[in-house]
Amino acid sequence: MLTVQPLQPATFPVPGQFYMLQAGASYDPLLKRPFSYLSAENGSITFLYRIRGKGTRAIAALREKETISLIGPLGNAYPVPSGEFIAVAGGIGIASLFSLFGAATGRATLFWGGRTAGELLMTETVRGLVRTAVITTDDGSAGRKSLVTEPFREYLAVNAHLPVYVCGSTPMMKAVAALCSDAGARCFVSLEAYMACGVGACLGCVVKIRDSENHEGRFRSVCKDGPVFDASTVVWEGQ
Amino acid sequence: MLTVQPLQPATFPVPGQFYMLQAGASYDPLLKRPFSYLSAENGSITFLYRIRGKGTRAIAALREKETISLIGPLGNAYPVPSGEFIAVAGGIGIASLFSLFGAATGRATLFWGGRTAGELLMTETVRGLVRTAVITTDDGSAGRKSLVTEPFREYLAVNAHLPVYVCGSTPMMKAVAALCSDAGARCFVSLEAYMACGVGACLGCVVKIRDSENHEGRFRSVCKDGPVFDASTVVWEGQ
Amino acid sequence: MPSLSVNIGGMILKNPVMTASGTFGYGEEYAEFIDLNRLGAVVVKGLSLKPKEGNPVPRIVETASGMLNAIGLQNIGVDRFILEKMPFLRRFDTKVICNFFGDSVDEYVHAADVLSRTDGVHALEMNVSCPNKQAGWCVFGTDPAVLHNVVTAVRKVCRIPLIVKLSPNVTSIAHMAKVAEGSGADAVSLINTITGMAIDIRSRRPLLANKIGGLSGPAIKPVAVRMVWEVFNAVKIPIVGMGGIMTAADALEFLIAGARGIAVGTANFVNPAATVEIVEALEQFLVDEQVNDVNELVGSLRL
Amino acid sequence: MPSLSVNIGGMILKNPVMTASGTFGYGEEYAEFIDLNRLGAVVVKGLSLKPKEGNPVPRIVETASGMLNAIGLQNIGVDRFILEKMPFLRRFDTKVICNFFGDSVDEYVHAADVLSRTDGVHALEMNVSCPNKQAGWCVFGTDPAVLHNVVTAVRKVCRIPLIVKLSPNVTSIAHMAKVAEGSGADAVSLINTITGMAIDIRSRRPLLANKIGGLSGPAIKPVAVRMVWEVFNAVKIPIVGMGGIMTAADALEFLIAGARGIAVGTANFVNPAATVEIVEALEQFLVDEQVNDVNELVGSLRL
């Protein structure tokens, strides 16, 4: 977890948006990394992150009161559901959905999967924010031992009228999107992508999105046109 | 100041030797940096350093108990004086001479110059280790306002029988070496050089050293054949 | 106040700082972060006659102090650019330089013709060094005869200053610069990215969908500075230098090596305000060093 | 236990890990840090017939994730090497590869002749890519015809495996590799350093006394991997890959791209135990990935 206090007055983020963060002044790692904001209040912004590589290690090495460099808020937002909704999170994907739980008027039924219990951070806080939280792990170390798509599928079968919000690994999101499509449920995914700029300038983070004119899809940038897309418009390629 | 505790049993350093240090696992900065040891006792080694650039900034960012990577002890040593001697230090050059004050049987008369008082660290401790310490600064913020070579020259005039040990900037060492040569005093300099390997492998840190066969000088590595040289053998080039 | 203004092949820039093509979108993307009026010039993403899809993802991967990209020259095409992006760019008091490319001499000529007749476009930058493109494509920038042909042809239709952007993936970039000069280029810019590759050792697959990509960022700066210096010693036309410029100190290395203008690429991603900060620090450097005119620095390397 | 042994042009190495010439002295320098018996081969600092003084200082400068060097090929000469250094190297159960160069075809031939007849020297590595040397010198490695001549001449006198070390400062390294192969090389090694430059902006002087130097270290790894892959697709002789290898993961990128041996250069400076740690981690990787023979990895890139 990382809480930052912008030095200059900053724009307030809305659920689904993210920031590009970088700790340290070294050129290795060089690029900023994208992180959903977890919460934003009293002028400070909080992030929840998992250490993966160089960039997150540098963030973890920060001491209190040190400065971090960031750009944001970036990207579009989740269309805020007007009533009850379903959320599906994979591991740290919870960070992106977290702010939605507070912003939405209706409450969420959350399906949250991880490889092990250790990947599911702040479970108690999260439980307090949703109607029900169904937890799964690959190894059974927490909740049900299954893929998160299993209990979700069962629930969706009788709740396809609810909108579904998803953030997790690409294969998981692809699977959830397919289930929603079959069930006729609306589904919004917050996509993963390698990003260099975060502002739509480099075209590094693109994904193929269908529109009325073009069913094959056209490249849109995840950072600027996303990260949230209507799952039915996403062309899931080679993943 | 930095104190390190080797994870494996380490060789004990002798005055004049140095270590190559690197903090952090980033490739920027890439190379280790050379630092004289200040003192070594109870299995721990202490360094005194001034922040100059990337490498020293990374060292300064270390927290207690973090690991640092180092190679050493490296290089040759000051021939330990058997009696009284003269020491001339420029700024942080004191770090190299410091251990000699304790190791020598005789005591030192120290001439220590810096640009400003801020460059002269641990002055009280140093004073306690030497017979007399004559301090100079360029701006007069501590001691006499002059180059360190001024009071040294005066003292040398009547003490040319004492050996002189010098560590500081190249122009200062060159000047001291010239004064010693004129006065017929023995002089040992601990040379500065950019180093990549510190062990004599890259040939990056060379200096021209005269020998009986070759008055023009031949390249010797400061890291392996030095850093301490008899000043009368050093060919001071273009500095 | 020292003078920052420079003349790049007949085009007067208020200062030598430009954006590097492909790293600044069409200008809009960074307009909310910085005041585009502060820039010497905005160089837009490479344009082709027809829109281009570009490569599949992954298109980028970070490397030590650098990044590889294989965007594949995705762009909206000359027509949509003129229609949708130029009205925005015309609002600013900065020069607009259109980077463009083609996959045949004809396409180059056609694109140059249309762009150079577009109101508000002040110069063209010809990308002849496309390490991201397939097979035969690369030859434009690496074969002197081919380079001569395409530059000569474009020169005929181009009514505004023509900058030829050189590839570093050659034995002698100085020779290529001379060819560009001899074919009518008003200036050369360098360097484009250096071709590189990165491999995922578990899957044993390239980390870029396109297999190879172009290396940019601080990692390549020493190579870029060397090439600018070599080209400076070979041609008389002005040079726009780029490759790993992150700070004003980096920019100054290029100016001293012989660049009259400099472009900031990858640095925009790391710090959207990089260009403006460089303009400001450059000015401060001139004040500190008592240099009245930035042109005095150009090629002022002391040997 | 997986097999790590590789055959480089007829010479059998116990593992693919070598030292890169010029970064490991004559072996002695690192012998107190690591057990030389663990290495596939020790490649010594470039030798010439007569001792060479090398360049004035500064000879090295750090850059982002890399370093520039302009040592100027300082070395003690073939004779003193054989007399003073070979007795030490013969004590180890590892292959000794002598890197050498000359400033004329004659000198190359002469040095190769003497070295290849020296007891305990297992192979020669011909440095034809000397970005640190003055003027005309560079042509050996950048002109195909010159390369052909010198390799052909050396081949005639060289009784042991001959590795030709290629320069990356060319338009097509694959073409140069083919020329080396066609001229009788048993293997090629790549890449040598990429020519670069760095400038002190206050004094406006180059940071290296030699003005230009060779870039090495992690910064150049993507370029080196790409070149190894290109050469692998062009020649049949084995490749020794190098450029920025710091870890076993880096080494694996080179093997997968097509290198049969790899050399560790700048990494030795940062971590004297780098080579041995790479041997160990490489072995562990083979175990983890259930690969029985390291040769299975060579050129195993999946496209």
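In this document, chain identifiers A, B, C and D correspond to the written order of the chains, with residue numbering beginning at 1 in each.
What we mean here is this: a residue touches a chain if its C-beta (ideal position, glycine included) is under 8 Å from a C-beta of that chain, and two chains touch if they have at least 3 such contacts.
The structure presented is a predicted model; accordingly, all values stated were derived computationally and were not measured.
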Touching subunit C and also subunit D, the following chains
A, B
Need the most distant chain from subunit A, centre defined as the mean of C-alpha atoms.
B
Subunit A to subunit D: how many Å between their CA centres?
46
Per the centroid of Cα atoms for each chain, what is the distance between subunit B and subunit D, given in Å?
35
Any chance you could list the residues of subunit C touching two or more other chains?
64-66, 217-219
Identify all positions of subunit A at which a residue touches two or more other chains, and write them in rising order.
27-29
Report the topology of the inter-chain touch graph, choosing from line, ring, star, complete and other.
complete
Touching residues on subunit B, where the partner in the complex is subunit C
27-28
What residues on subunit C touch subunit B, complex-wise?
64-65, 218
Complex interface listing, subunit D residues touching subunit C:
63-66, 68, 142, 169-171, 194-199, 201-206, 211-213, 215, 217-223, 225-226, 229, 244, 249, 252-253, 256-257, 285, 289, 297, 300-303
Residue ranges of subunit B touching subunit D (in the complex, touch as defined):
22, 27-32, 69, 71, 193-207, 218-219, 224, 237-238
Residues of subunit A touching subunit B in their complex?
24, 26-29, 54, 58, 63
